Amino acid sequence: MKVSAAALVAGIGIGALALLPALAPPYYASLMIPFFAYAIALLGFNLLFGYGGLLSFGHAMFLGFGAYGAAVMSGVLGVRHFEAVLVVVTLAAIVAALPIGFFCVRYVGIFFGMLTLAFGMLFHSFLFKFYHLTGGDSGMRVPRMKLVGLEFAPYNKIELLAGPFYYYCLALLVIAGLVMWRIVHSPFGLHLQAIRDNAQKAEYLGVHVRSMRLAAFVISAGFGAVGGVILGFRIGLADPELVYWTHSGHLVFMAVLGGFSNFFGPIVGALAFTLLQDQLQSLTQYWRFIMGAILAVLVIGFPNGIAGIVTDLRDQSARKNVP
Amino acid sequence: MTALIETRHVSKAYGTFRALEDVSIGVHEHEVLSIVGPNGAGKTTLVNLLTGLTVPSAGEVFFMGRSIAGIGPTELADRGVARTFQLIQIFPKLTVGETIATAVISRQRKRWRMLSRLANDDAIESRVRAVAQAFGLADRLAARSETLSQGEKKLIDVASALALEPQVILLDEPTSGVSTADKHRIMRTLIAAARQAGVKAILLVEHDMDLVAAYSDRVIALAEGRVLANLPPTAFFADPTLIETVVGKRRTR
Amino acid sequence: MSAFANILLGGVFHAAVLFLVAAGLQLVFGVQKIVNLACGSFYALGAYFGITFIGYATAFGLSPWLLLPGLLLAGLLLGFIGPPIERLLRPVYGRDESFQLLLTFALVLMFQDVIRFIWGSNPRSLDSTYLIYGKLGTGDFSVPVYNLLVIAAAIAAAGSLGAFLQRTNYGRLLRATAENRAMAEALGVDVRRIYSVVFTVGAMLGTVAGALIVPTAAASLDMAIEFVIEAFAVVVIGGLGSMRGALAGALIVGMIRAFSIVLYPELEVLATYAIVIGVLLLRPAGLFGKQPA
């Protein structure tokens, strides 16, 4: 993808997102906060999946880590600065992901998927059972925090979410996107893709397969935790359901929906999913069935997701233009 | 002349089956060494030992004086030995340029650079172009590997290995599947490109005796796990019993 | 001592049910090279359907003595969702593993809501009709005969599956297709039919296992995914693709679960996940497996 095309797409996207609070009711603006959280988490997820070839069914555990980390830091320890919480929780997630990743990246395919699923559910059980620490079912409160040192006292929750926090999250997404763009276009990123395409040949070309997979895993954990902190702030609560396997499933769904072979795919997927889920949930309580059906259709018919459909259309029109 | 890679009294047994028995050979600078022998003679085992994939049951394997027993492919590449396989190996979704760059990144030890743009790295870019040029792939740099022809895939497979600038390269039946008309041309291209890349010795595993005769400086014949002969090609091909053991009654095409 | 025996039998009972599902998984993987994440869903569906079936049958005058055969029948009947599901999976046979995982995962999501739609979100259970078969033993040590019957059924299933695969012509055909699909096709084997049959048998093993367990445990929505992890633990311990592995793995997992329930109930579910992780670290190929990751 040429830089200019990508920059164009990104520019339009950011522009549209920046205008949204002015054009749409506050409900939609605050609905977009989870989108930002998922988009950032998915950038990390797709480093592992789209670029690294490892499909994790436990990525939500890092979302949970982020939310609970925020709850502990600001709720229990009284830290009021969002930035401080972000940095500390992200670093903590990276450290925590090291041993988990160390075990998981020794395997690929099904085994990796199931191991990550098992670790995710292990974390869920832990959150549930040790309710003295974690509040069990009821979760842990995530209080309001200061954004860039500002209290925003006169804003109520919805106004805060639809206003300052919205732009704060947009900024976070832009930063996260820039960082991830750099990573995937770096020498490290190329080695990771080589591992994805042919791990054995990569080894013979001097690629350190296991440690690079671990690095990708750990980085994805960090991005996931950032998403989790945002989610925790938005909901005001960190609860075990964030870590349940279906939540990891939603992340996978978003990546596939948007198109995991494309850098922007997962972000598009997060947007599509957030809007889709919002609409479906108001229609029926059986929206998960519809989601599963859409996933099945995607896998069978449109494995490259929305981004794939768009690039196919673009290629077709390009071919028509060639004399 | 000291050997670049050598095995000293190496044996390898799999259970009760003795694949190799007391093999001592050396690969020296500036030579093309061919390893020949019938199937089951132990060629693959010997090659795996020479490239650090397996550990000998007895004896030692050295590269540049250091033991390489069981070090594995990645460490092997880092130390300066490259290997290609009979079955073509590519990165389907990566372009020709990216494939070569993968090796160059390893060679230039830039693998952990996460925040710098690959496209902006001139040191890498110029190396990639040079290697592509040596293999006649300069105009295919942006093509995805899966779209290449069989011949081109073979070239990129070897080109990427040579981009590691190894001291020694092991080519496992590099012309298998190539038509007779093209065989010699491909071999000449490979050897010339290898020399240009600074390779000091080439190990060739081959069944095609024409190629062995034309390009080897020395021929090692294995049979039933033992070294049958370690001779220059003229001496080797002068001995009919030797040829028969290695090839069978029929002389090759 | 009797407490120990109780735990032991509890473990074997759990193992028997686990074995049935794991055997289905191994069969499908062995022949079709697909790991069916929806095996837990089949299990859960079997459980719910078993309860409903017995409910209706009893209302129509089914004798309580026919509980076990009734449940078996329910499980077998439900297993016929196998063929349509297999047809759905066909497009991804040749493709990358990720797609297979994703598709069976989509099935899991769909089945969750199917269950919720038909049976609601609350757990369901049978009353204690199964006690009509009586209990064996006295005092502290007693085991419901039902449990023993299920264990016997599982052993019978293991035996017949083994005999079927090793000694019958069709079984040999299956093993040949598992080894080398292309060659089997070249020899005139109708591979598509075999895949359909194998998948259905695998599905039935799952649904029957689910149906058989409902007298002793409630059917709940969580069942599906918890069971996938347990079944996976069995397959990991025993080794992917091996029937003997399914047996050994089921026994081990069943025992560990039984002991942890008694010794440290809080960790019951954690124990399963910990087992999976532990085994993958210590012996990735499993006891009888051929393929590490």
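Note that the chains take the letters A, B and C in the order they are written out, and that residue 1 is the start of every chain.
Just so we're on the same page, a residue touches a chain if its C-beta (ideal position, glycine included) is under 8 Å from a C-beta of that chain, and two chains touch if they have at least 3 such contacts.
Remember, it's a predicted structure, so these values are computed and weren't measured experimentally.
Under the stated contact rule, the graph of chain-to-chain touches is a line, running from one end chain to the other without closing. Placing every chain at the mean of its C-alpha atoms, the farthest one from chain B is found to be C. In this assembly, the C-alpha centroid of chain A lies 34 Å from the C-alpha centroid of chain C.
Computed from the mean C-alpha positions, the centre of chain B lies at a distance of 49 Å from the centre of chain C. Chain B has its Cα centroid 43 Å from the Cα centroid of chain A. On the side of chain A, the complex with chain B involves touching residues 179, 182-183, 185-191, 193-194, 196-198, 200-209, 212, 215. Within the complex formed with chain A, the residues of chain B that make contact are 72-74, 76-78, 82-84, 89-94, 98-99, 101-103, 105-107, 110-119, 121, 124, 157, 160-161, 163-164. Per the touch definition, chain A reaches chain C in the complex via residues 49, 53, 55, 57, 103, 106-115, 117-119, 121-122, 125-126, 129, 245-246, 249, 252, 256, 285-289, 291-293, 295-296, 299-300, 303. Interface of chain C with chain A (complex): residues 35, 88, 91-92, 97-99, 101-103, 105-114, 116-117, 225-226, 229, 232, 236, 266-267, 269-270, 273-274, 276-277, 280-281, 284, 293.
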